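Can you read through this structure? Questions will come right after.
The first chain written gets the first letter, and so on, giving A, B and C; residue counts start at 1 in each chain.
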Amino acid sequence: MNTQVLVIDPAAGLAREARAPREEGLPGDFAIWIFILAEMLAFGVLFVAYAFTRAGDVELFNASQETLNRTAGAINTLVLITSSYFVMRAVTAIKHGLSKDCAWWLGAALMLGGVFVGIKAMEFHDKFAAGITLSTNSFYMFYLALTFFHFMHVLMGMIILAFVIAKAWRGGYSRQDHVGVETGASFWHMVDLLWIILFPLVYVIR
Amino acid sequence: MQYQSQAVAKPYFIAAIGLFVGQILFGLIMGLQYVIGDFLFPAIPFNVARMVHTNLLIVWLLFGFMGASYFLVPEETETELFSPKLAIITFWVFLVAGALTVLGYLLVPYSTLAEMTGNNILATMGREFLEQPLITKIGIVIVALSFLFNITMTLLKGRKTSISLVLTLGLLGLAVFFLFSFYNPVNLVKDKYYWWWVVHLWVEGVWELILGAILAFVLIKVTGVDREVIEKWLYVIITMTLITGIIGTGHHYYWIGAPEYWQWWGSIFSALEPIPFFMMTVFAFNMVSRRRREHPNKAAVLWALGTGVLAFLGAGVWGFLHTLAPVNYYTHGTQLTAAHGHLAFYGAYVAVVLTMISYAMPILRGRAANSEKAQNMEKLAFWLMSISMLVITLLLTGAGIVQIWLQRISPTPMGFMAVQDQVSIFYWLREGTGVVFLIGLVIYISSFFVKGGAKAAA
Amino acid sequence: MSTTFTKSMARNIFYGGSVFFFLLFVALTVDTTHTLPKRDNSQNITPSVERGKKLWETNNCIGCHTLLGEGAYFAPELGNVYKRRGPEFIKIWIKSQPTGAPGRRQMPNFHLTDEELDDLVNFLKYTSEINTAKWPPNIEG
């Protein structure tokens, strides 16, 4: 991510003023939704590929699935859902013009993101210590690929949140103009949603 | 012409077209060697003709990109080029180096050429598309650096538009990834793995930034659509290009000894690669239909739309056709690959360079657009070249499908050479279609020499 | 279409997305590099194989043949030629070129010494033992 996440160019600002306030339509910038759509497509195909490959070798998948740390996965699910709730509160706060509240809620979400990353890193550490790699078998290929791909998205989301927090703290958003917050929030919700599909699919369903 | 220094683009465009002719002539020689095996043997063996054919393509496209940049950047940055003199020096250095390299290919046995040019110091030669002698490769780096320096300095002193930024980023990536051509480990798997960092990350990565920027520039000029709108779409399209194309490199890692998970990564991400090309087509048509002015240069508009459609067909559709690992298992390294290569290069890169030439050349010659008659000839050339390239692609696809069936799927597989005899009819038709392409090219070049009735300068 | 769609956001997503996917690519490359020794037959790279690869390159074999499916499509796949034809056939074949058969595709004679032929064959043997995920589908390449 570059440092210009929150820079608003004059033309964009003008366009926004002309249109705000608005209630209906997609929250955040349309560009992020194109990106989200592409990401969902990539993950979607990965999920379908997982399901098909699993159907071809159910026993291997079930046996390997046994070795996963389901408790860690479940905790992480709760962590992400809670963080998404915080992000939602942040958006509500900025809609009421409460910049500092918005920043605090986002800060809490960012912290939970950190918790997720910590727990996930421990899981990765355990698997790598056990000598498991992408080439071990097709279950672990999918497990590592999907969770690592998602892990990178969480890191990306945290960077985005950090930028939004910094700007919100400086009072860079207002009741009228908070597209940046909504854009960041949309990305974070996507990251959360992907995990909500990923966790049962890879950790639980047998 | 708004800026004097844009004039340096002209020799670049002329050289590009000249080398294009050479490329097509050698293509016809190879096409004939496919059916009359000993044609021109031993004077020009197939491998030499192919090397000249592909290297000329790369070099003339680079000439085209450079010419396009020298034309585009002053107008975008609203300032004269940092150093027109350097641009002209670079031009001659590149042209002479390119000509010497091709002469080397044609006149000296390749192994002797390797010995003469320092391949024993650092072995980089003899890999597909990177056959250039070490000194030529170093020359390319020097030319690329001086070119980038010139463009960057111009950019720094002028207006920084998205188009010029994306273009410069693409050119920078082009130079950076070319450096991997100097890495040639003995380990064949690693050699191939990083070879694709040049080839794939060029044509399905950074070159698409250049393509997008040039297309966006011409579309702004010929449609008069708001820059804000066009640049926004440019960003969205190149974002999609890179997020699908970078991991999409994996579609080259299926069968070269890399880990097998690349079959998943490569299949999934490269299956998404047609999306940006489709968006580009929609984008081009959308902008033209929303045009705010009737630009007198209709030929340039045709080329721009053609780029959208043909790039989508060649790179998008024909790429998707064989990108999934289970399909690619059978199609890898057959005439189907050749079919895709031809239409993708023509549709994406040849077409975009010719779009730029079509738009810029009349202006460089002091008029907004060519005469009606010249434009009609150019349009005829567009249709002849584009349709014949499409037909060539279909014929090679036919040859590829038969080849795959006889050689790889059939319960009693035939040997390679026996199969080649079976598909010779496709090769004959391809050669005939190639002649039509050449006729199109001759008409294209003649259109530059049509006299009279020019539209007034812009 | 939504009401907001700004160029600055499109640009930020472009930079962020590109860096993100390039980093993912680098991560996969690191894993590939660690996994390769199990597949790439590099334990069998001898000085002879090294010389053989150089001969392969300096005679531009890739200008007509494919090697593991990559190259020109004018002449047979050679990634598995060692298994298809065996070492002696390969050497005799190379030495007897060109066939001069009228109208047939011709391979030049590269005037290789016996040691060079051995090196080239060793390179092709090494190549044929790379784990290519069972490609090509059959011995014909």
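Rule of thumb we're sticking to: a residue touches a chain if its C-beta (ideal position, glycine included) is under 8 Å from a C-beta of that chain, and two chains touch if they have at least 3 such contacts.
The shown structure was predicted, so the numbers you read here are calculated from the model rather than taken from an experiment.
Participant: Counting C-beta pairs in contact, pick out the pair of chains that comes out on top.
Facilitator: Result of the pairwise contact count: B-C comes out on top.
Participant: Where the centre of all protein Cα atoms falls, which chain's Cα centre is nearest to that point?
Facilitator: That would be B.
Participant: In whole angstrom, how far does the Cα centroid of chain B sit from the Cα centroid of chain C?
Facilitator: Computed value for the inter-centroid distance: 23 Å.
Participant: Centroid from C-alpha atoms only, then distance chain A to chain B, rounded to Å. What do you get?
Facilitator: Each chain reduced to its C-alpha mean, chain A and chain B end up 38 Å apart.
Participant: Provide the C-alpha centroid distance between chain A and chain C, rounded to the nearest whole angstrom.
Facilitator: 40
Participant: So which bits of chain C are touching at least two other chains?
Facilitator: If we look for residues of chain C contacting two or more partner chains, we find 5-7, 10-11, 13, 17, 20, 24, 31, 35.
Participant: Among all residues of chain B, which ones touch two or more of the remaining chains?
Facilitator: Chain B, residues with two or more chain partners: 228, 232, 235-236, 239, 243, 259-260, 265.
Participant: Residues of chain A that contact two or more other chains, please.
Facilitator: Those would be 11, 31, 35, 134-135.
Participant: Which part of chain C faces chain A closely enough to touch in the complex?
Facilitator: 1-13, 15-17, 19-20, 23-24, 27, 31, 34-35, 38
Participant: Any idea which chain B residues touch chain A in the complex?
Facilitator: Touch list, chain B to chain A: 228, 232, 235-236, 239-240, 243-244, 259-261, 264-265, 267-269, 271-272, 275.
Participant: Once bound in the complex, which stretches of chain B touch chain C?
Facilitator: 30, 33-34, 36-38, 41-42, 45-48, 50-51, 110-111, 114-115, 119, 123, 125-128, 131, 162, 184, 186-190, 192-193, 228, 231-232, 235-236, 238-239, 242-243, 246-247, 249-250, 253-260, 262-263, 265, 329-330, 332-335, 337-338, 407-409, 413-417, 420
Participant: Mind listing the chain A positions that touch chain B in their complex?
Facilitator: 11, 31, 34-35, 38, 41-42, 45-46, 49, 134-135, 141-142, 145
Participant: Which bits of chain C are touching chain B when the two form their complex?
Facilitator: 5-7, 10-11, 13-14, 17-18, 20-22, 24-25, 28-29, 31-32, 35-36, 39-42, 45, 49-50, 53-54, 56-64, 66-77, 98, 100-108, 110, 126-127, 130-133, 135-141
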